[in-house]
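Pasting a structure here, questions to come.
Chain IDs A, B, C and D follow the sequence of writing; residue 1 opens each chain.
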Amino acid sequence: MSKNIVGVFGAGNISDSDDEWQAALIVGRELAHKGFIVLTGGLGGVMTAASKGAKEVGGTTIGILPGTRETSPANSFVDIAIYTGMGEARNAVNVKSCDAAIAIGGEYGTLSEIGLALKGKCPIILLNSWNIIPYGEAKQPEWHIASTPEEAVALAVGAAAEGR
Amino acid sequence: MSKNIVGVFGAGNISDSDDEWQAALIVGRELAHKGFIVLTGGLGGVMTAASKGAKEVGGTTIGILPGTRETSPANSFVDIAIYTGMGEARNAVNVKSCDAAIAIGGEYGTLSEIGLALKGKCPIILLNSWNIIPYGEAKQPEWHIASTPEEAVALAVGAAAEGR
Amino acid sequence: MSKNIVGVFGAGNISDSDDEWQAALIVGRELAHKGFIVLTGGLGGVMTAASKGAKEVGGTTIGILPGTRETSPANSFVDIAIYTGMGEARNAVNVKSCDAAIAIGGEYGTLSEIGLALKGKCPIILLNSWNIIPYGEAKQPEWHIASTPEEAVALAVGAAAEGR
Amino acid sequence: MSKNIVGVFGAGNISDSDDEWQAALIVGRELAHKGFIVLTGGLGGVMTAASKGAKEVGGTTIGILPGTRETSPANSFVDIAIYTGMGEARNAVNVKSCDAAIAIGGEYGTLSEIGLALKGKCPIILLNSWNIIPYGEAKQPEWHIASTPEEAVALAVGAAAEGR
């Protein structure tokens, strides 16, 4: 029986003095504490912080890497490194493998993951991330907005429990 | 020497009575008229309309399909059908192969293509599409907003001419 | 620090009365016993047998699935299911993520994985699998032939230890 | 109505003094002469020769590239360059988009394309390429062996005409 996985997406180019780092650290820690495997893109910034948080409490971490082990190795907090060699096309893999996902801050890659998650029916929680507004539509947004890391985790856990 | 390609992205589930259809038709026609190959996802809605427009003036069209010829064949206005069998991961291929791209309206798949285009340095023009606002940033948006199909084409052609 | 992974590739359409099943069961068990994570394509036949073998001795198993959880769920012996939705393009991911791989019997998909492993410098061990002969070349084959499941595991472990 | 495409696969590292070069040149020329679009991996060696042959007689050529335009641009005989950025995973795209394919000589990447073609029901013709022998099976091979470039083209054209 495969295990429950929650993705954490965000920019790779932030440092540990940025707000996103602290948020990702808490998110990773809380998800692992609640028994979820934490899946990231396996690189730096938010991906490292979330994985580090999960490992601090004995969790399991997966990294879905865009490159190969030779060109872009996983950060040192990744237990299971899946090297795709597919560049950004791997973003589609990230969202398909998660029961829910949390986007923290984020650059353009994160924006694409938000779109892919919504397309693929992966519940997505936005924490201080992109504000996305459909054109001329009154339709109900299918994404969730969180104000704190703890709220983001609670929303993700709730969505994951509902199943996909 | 490979030819210049402009992508047209948008929802597959609109019909020819929707505003996006007419916009995509004009965009496809204008791009082909100016000598560009029109690349789409090869399916319905905006993808069909843009390809149809291009063919009306004797242009060439490419479709990068998410499925296979058996499961999701290209629409009848696609000259060159590339079947990826990769699902949404093909969205990353779409943006990498274009000199510039135009997003018209759009659902979640289009949102992901906007993110992937920005990530991949493919100039992207938004025509009545998603309004995307980065979190807490004063940074200059790197995307272009067009008000009409003609303006979208002019912006795309200008961006393509600058090279990538 | 990411963990060592050995792939086991083979046909999905064999049953537990076929020779490959028993071979895959032993291979999975031995690899897990020696501390390796067992990676497969996550579906039936050889993939199920290898994962079952690994779980019998408390090992960890990964499945890299060609479809989605809705269309082609992982077999019940997969701990970590990575859904790519990419069809056979996922075969390239399989070989990039392994320290070594063992091909057992095999149909056409396995043949492609042998080629991709060789291309990607993933040491590959053939156990009662395809006999592949380069055209008109006296070159030294870079693959390994094993006669028994135990020998296949020994060769894979040796190759994995040498690093990639 | 999308056009008929025949793939030509082979090693990228051969030069114009190798036998494969001349064979690929003839194959590309003949395919284009008979009205087929020639699809290759877009890089050097066999891929360049087949594309060159097609262009000599006014044909159309497609290249499905493993990298990006920045990292691995298409050879100068490619009309339509599709950049996947997906590495070898693009081999699966190559075979899905062809009505038939011809493998000439070939290294490991070609071997993977032969496997993927067979898996994906793309008729595949081997011209001085890998000799592949299934283990312990008396089953009828589903691939075709050609002795000359002309015979390879005739077999590919026949298979493409039968449809997929």
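The working rule: a contact is a pair of C-beta atoms (placed from the backbone, for glycine too) under 8 Å apart; a residue touches a chain by one contact, two chains touch by 3 or more.
Computed from a predicted model, the values in this text were never measured in an experiment.
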{"item": "Neighbouring chains common to chain B and chain D, by label", "value": "A, C"}
{"item": "Homomeric contact chain C-chain D: same or different residue positions, threshold half", "value": "same"}
{"item": "Chain separated most widely from chain C, comparing mean CA positions", "value": "B"}
{"item": "Winner on C-beta contact pairs when A-C is weighed against A-D", "value": "A-C"}
{"item": "Geometric centre distance via CA averages, chain C-chain A, whole Å", "value": "28"}
{"item": "Euclidean distance of C-alpha centroids - chain A vs chain D, Å", "value": "39"}
{"item": "Residues of chain D touching at least two other chains", "value": "68, 84-89, 92-93, 96, 120"}
{"item": "Contact set on chain A toward chain C in their complex", "value": "1-3, 5, 37, 62-64, 68-70, 74, 76, 78-86, 92-93, 96-97, 120, 164"}
{"item": "Sites on chain A touched by chain B in the complex", "value": "86-93, 96, 105-116, 118-120, 128-136"}
{"item": "Residues of chain B defined as touching chain C within the complex", "value": "68, 84-89"}
